[in-house]
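Per-chain numbering from 1; labels A, B, C and D assigned in written order.
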Amino acid sequence: MDYLTVLQILDSALRLATPLLFACLAGLFSERAGIFDIGLEGKMLIAAFFSAATAFSTGSVWLGLLAGVAASLALSAIHGLASITFRGNQLISGVAINFLASGLTVLIGLSWFKLGGQTPALQGDARFQGIDLPLAETLSGVPVLGPLYAEVLSGHTFLVYVALLCVPATWYILYRTRFGLRLRAVGENPAAVDTAGISVVGLRYAAVAICGVLCGLAGAYLATGLGASFVKEMTAGRGYIALAALIFAKWRPWYALYATFLFGLLEAISNRYPSLDLGVVTLPSQFMQALPYILTVVILAGFVGKATPPRAGGEPYVKER
Amino acid sequence: MEQLPKWADLIVVPLVGLIMAFVLSMLMVLVTGHDPMQALKLMVSGALGSTYGWGYTLYYATNFIFTGLAVAVAFHASLFNIGGEGQAALGGLGVAIVCLFIPWPHWSIALVAASLAAGLFGALWALIPAYLQAKRGSHIVITTIMFNFIAASLLNYVLVNQLRPKGSMDPATAKFPEPSHLPSLGDMLNAVGIPFAKGTPANVTLIVALLACVFVYYLIWRTRLGYQLRAFGKSQPAAVYAGINPVKITIITMMISGALAGLMAINNVMGEAERLILGSVEGAGFIGIAVALMGRSHPIGILFAALLFGALYQGGAELGLWTSIPRELVIVIQALVILFTGALDNMVRSLVAKVLVRPKKVEV
Amino acid sequence: DPAIIFDLGGKFDKSFNEAAYNGATRWAEETGGKFAEVELQSDAQREQALRRFAEAGSNPIVMAGFAFGNALGEVAGDYPDTSFVIIDMVVDAPNVRSVVFNEHEGSYLVGYMAAQTSKTNTVGFIGGMDIPLIRKFACGYAQGAKAANPDTKVISNMTGTTGAAWNDPVKGGELTRAQISQGADVVYAAAGGTGLGVLQTAADEGILSIGVDSNQNYLHPGKVLTSMMKRVDNAVYNAMKDGPGLETGFNVMGLANEGVGYSMDENNAELVSDDLKATVDAVAAKIISGDITVHDYMSDETCPSLTF
Amino acid sequence: MSEPAIELKGISKAFGPVQANKDISIRVMPGTIHGIIGENGAGKSTLMSILYGFYKADKGEIFIAGKKVAIPDSQAAIAAGIGMVFQHFKLVENFTVLENVILGAEDGALLAPSLRKARKELTELAAEYELNVDPDALIEEIGVGMQQRVEILKALYRQADILILDEPTGVLTPAEADQLFRILHRLKDEGKTIILITHKLREIMDATDTVSVMRRGEMTATVKTSETSPQELAELMVGRKVLLRVDKTPAQPGKKVLEVENLRVIDSKGVERIKGISFEVRAGEILGIAGVAGNGQSELLEVLGGMENGTGTIRVNGQELDLTGKFSDARSRRKRGIAHVPEDRQREGLIMDFKAWENTAFGYDDDDAYQSGILMDNTAIRQDAEGKIERFDVRPANCDLEAKSFSGGNQQKLVLAREIERDPDLLLIGQPTRGVDIGAIEFIHQQIVALRDKGKAILLVSVELEEILSLSDRIAVIFDGKLMGERLPANTDEKELGLMMAGMTGEDA
């Protein structure tokens, strides 16, 4: 494997990791506040649809982004209503949201574009274009690091950089701000937050809303950044992978970056080597496709210790039985 | 929280939730330019209005009973098994191997053998995540998700490269030999003089599923193992205090859960398709999560929830057949049903309570 | 009235089912007739849909997809007065017309064009899922590419192993990039909705792509080299036009009867030089005449030009 | 007379069918310590939680310093100058002390300035009230006594004028309790008003100015402390005469039941928690282990009970126990005739979501009497449970209630009934009366003594010196994983034991 190949794989890993990273951070906010969310997938999906649809209709990817985030927020509101206000089962609510998104996107798409639930391909300003980072060209001559900068870091769409910035931002919000302190507290012990005179409901809604925004970005990235149209079910299980990454990351922002990047990397590698000839045996393509998942299990079993989820996670806050 | 009489909690609340879900769904039908009354009638009569409809409803319900029970058993031990999809797929592989390579004299023997194989394969597929959870603390949610993907790859490989008859286009095994074909519900009922539509896929596996419900009921509430796994699920420190081995319980519970998911294969693989096709589980493993949650992890609840989902599937199929309502609408209806009877049940409950209960206080 | 049953992918899968749907609508538009239709959600519904339509008097009943083989085998005998048409599969019954396509021939042609167009001597193939049908596409493609230029390297990827493999344009795009980085400058997608991502990325990255099933040249004018046409639409159209009592039996749709082919239109006119077109047409003629045999993966389940 | 600092009028509160507070009125004068006593489940915590805005009252009015106020949430309570230390602390376990203190009282959107300010103020408060805590320690890593200080600091940091403490000494060592009362007095001297809920009559008598008694949701009496006696309060509380001293005859020690030699325990973090201790317990005697929480007594019970591994030798009835292998689990211990009442009944002793009858079989589910074929004989278990509930006077006497629906005292009775009625050769019992009301304490002590009198060996671990002194036949003191020596209750007192618990040997003391 030469250096260029490595760079290309890293480049691909970064792209593949971005939607996972958004979704993973989305889940992080929600679960850190004690609200489990297996509806990441659904929120991403609906955001993907509305961002593509709006971007196409208005010709502006920014409006598309806005619409995607808004749609995702709407589903978040449902999740909040069910799991915070009415103290319902958070898992059921998440399942329902996934179904809802999967049905609604196609249904609305059918009547909007008459294209079988897809949106037309996006062009020009209706999609995000790659951004060349400053000096990428000049620096690419620098040995080793230059190409790394130019090939891997530069040239992605806006949202990739947003996602990367979201990691320190999340860390900062979580650990350096009042809001973050309260958010973490409410996921650990809502009664402590309540008796400290802070609204548990308000905090949790805020967390769920942030989750909605980030899922919205994830979906918009899929449809208008990485791809250029909406195709039904195009999230293809990434919401679940993000969930796995979240546990992998032990609900921490930097680890979330590493975990999602690892998933991206493993997928990029298996993309690059559809089947591997080991001389003695040729590993079939199915094996290579399962490889990211197999390696995840191996890494999990070998290197990652027990992950302690937020203690109040999944439990509605009920004061009076 | 308002106190409702038990009957209201068990019957009125889900019913009202269901009605709300349907009202909303029919509004959607209306908005998309179709006739909601016709749609509703089609769905209900299509799913429940004839033995033909029941033949399909019960078939789907059978699948969901198995996966629902699988999720529920694990839930009782506080283990979230999202791996039903993969375990059921592996169960299918077990069934296929048993049915293809062993000549069975009679379906009943084949059924027993296939059930064992399905259960075993499903259980083994759950074993690794269980072991990793118990011994290494690897989160069962991740590992079971991963194992779903791995199972899909494994089946893809096996079906395309190993079990597919030469020259067949279809990534599926050959048809199982005749003696291993299970009698359909229609055949069985007609044999005892009860008229029931023939040619529907509900089959003798339904009885196995009902037995599984009974089994799970006894397992959870009447056996020592059930007692221990529930105790473990409620409090791990207490389980250790009682001398319950966490590793053993985790592994046994997950294996039972996996076996139940695997057993689904005798319904769809052996009973219906009579061969193993690619993607045979069709998401039943995930529906099982909804079914278990809505059925409150109790076999009777699961039975009803599975029936509800079975009816939605079959009613949806009828909608697809006779109207131009897109099939995605059925998915939306499913979503709304899950939402209103599952996640928003407290909202429904408080509405019902407002109507039903005049506040009265009991002195202590 | 005729009826048509779409496979699990749904009628708007941007490829196979959609082609069938287009054939049916073309028939309806031309004749003013009406047809019943259903999109399946579950494997158990195949037989159900067949029986329900047969009982309701639909005739002929067309179904799109090899997966119907078993169900039709069970059902056909029960409704001797109904004509059935199955696409991509052979069912031996007196009232069934089986239509199969020589996808390998069409794929050979586009593979030939790909290799001729490629400047890097590297061409790519991206399939949805590793199933025999897709191997048939890939194998013909590779053979065509090698025939055009023995030095051509063919890179092949499959998207996945779950149903999502057919609806994952993002992964399609990423696979395309992976192939580009290995030198591919023409990629052929046989992957349903995933293929949209392949075509998109190819267009973005300035390489050429090849569409599949229906004519996808219009998706990115000037960026799609051609599309391997699999005239499922014609098969459906013909079936509906022939109506009840249609001629049954085994229909092979190949190059000879224009069942498969490559598409030319204003969108790719500039990409395919007259020379190339002439060469390819000559190759096609040789295939038709039997001077060139395109290896059918399904004949012996091997592929001389590509390993999977 | 001045305006009362707090006045509650006609407070009523129901939890579903349970009427926790019935038309309660109470006045608390400023600058006083006001005690509230009552049986488990009498509604004390509920009433205070209403005052703190945690629960909303169904009816009633609240006046603070003569002004009627609405307290819909804790924020309003804090604004009204009320601080509360809950019975079950409301701390975020994996936060530092500092973070817990500022939670909800931050100064701005960014944490750093708040933390800086709080750190400074905490040092001042610490100096002023002897409330020393490491501001950077994680809550889960400090003892309960420290945690309580954090709770008090939280209230003081918010400038509370009224401080409510719900059973503050339940988890404290005597020394810690003494210090707490010193602090409370200082606060009182500064003019702050304090409400103190406790089950310990001695604390009421020593510390309070007035005391209110609650029974079954009602306020039955409010009296001046100086004008009442423990006996009278106990009767007001329970509604009958209560024996405040344990009534027991001298022990008749028999053969050795438990022999422990050079026992060592290393916990999962690699810290040695028990550093080679040896002792024995004979049939018919109670050995009390006194010690400040966290000095290894929990680990001692856990090793003996089969919840943790250890090294060394333990013999029961002369047979050696397996300490690390296949038979080192709790079930094997039970088969050897060891019964165990764990220190934490809610976390370990009971499954809170199980019905009472299910809980009476907990740990003994493999008993032959509970089986019918491959199934469990639920009828037998239930019958058994009904007997136990009756004999141990568990209230309400309904074995279909979930364990969590019982009050702490009654939960403890459930555990005791299960373990004592096994007729074990050796009973391990940790904190038997923590958080339990005096009526129930009396009963529990009687049961323990009765078991001893049947010739059983009992190992008692308690942080209540009074309990140790009155129940034990011999007392061993544990400090830092080692035994500091043994005393006979007749020849020692709280002072000496207290010193030994602080690590000073008998000779030093």
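As a convention for this text, contacts are C-beta pairs under 8 Å (C-beta built on N, C-alpha and C of every residue); 3 or more make two chains touch, one makes a residue touch a chain.
Labels paired with UniProt names: A, B = Nucleoside ABC transporter membrane protein; D = Nucleoside ABC transporter ATP-binding protein.
Computed from a prediction, not measured in an experiment: that's the story for all the values here.
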By label, the chains that touch chain A as well as chain B are C, D
So the chain most remote from chain C by C-alpha centre is D
When centres are defined as mean Cα positions, the distance from chain C to chain D in whole Å is 74
Distance between the CA centroids of chain A and chain C (whole Å) is 34
The distance between the C-alpha centres of chain B and chain C, rounded to whole Å, is 35
Rounded to the nearest Å, the gap between Cα centres of chain B and chain D is 46
The positions of chain D in contact with two or more other chains are 16
So chain B residues touching two or more other chains come to 1, 149, 152-153, 156, 160, 326, 330
Listed in rising order, chain A residues that touch 2 or more other chains are 117, 237, 284, 286, 289-290, 320-321
A full list of chain pairs that touch reads A-B, A-C, A-D, B-C, B-D
Residue positions on chain C within touch of chain A in the complex are 10-14, 18, 130, 155-158, 160-162, 164, 167-171, 173-175, 177-178, 181-182, 193, 196-197, 200, 204, 219-220, 307-308
Within their complex, chain B touches chain A through residues 1, 28, 32-33, 80, 82, 128-129, 132, 136-139, 141-143, 145-147, 149-150, 152-154, 156-157, 160-161, 286, 289-290, 293-294, 326, 328-336, 338-339, 342-347, 350
So, in the complex, the side of chain B touching chain D is made of residues 1, 3, 218, 222-224, 227-228, 230-231, 234-235, 237-238, 240-245, 361-364
Touching chain B in the complex, chain A uses residues 78, 81-83, 85-93, 95-100, 102-104, 106-107, 110-111, 117, 237, 240-241, 243-244, 247-248, 284, 286-287, 289-290, 293-294, 296-297, 300-302, 304-307, 318, 320-321
Touching chain C in the complex, chain B uses residues 56, 59-60, 149, 152-153, 155-156, 160, 164, 166-172, 175, 199-201, 268, 272-275, 277-280, 282, 313, 316-317, 320-321, 324, 326-327, 330
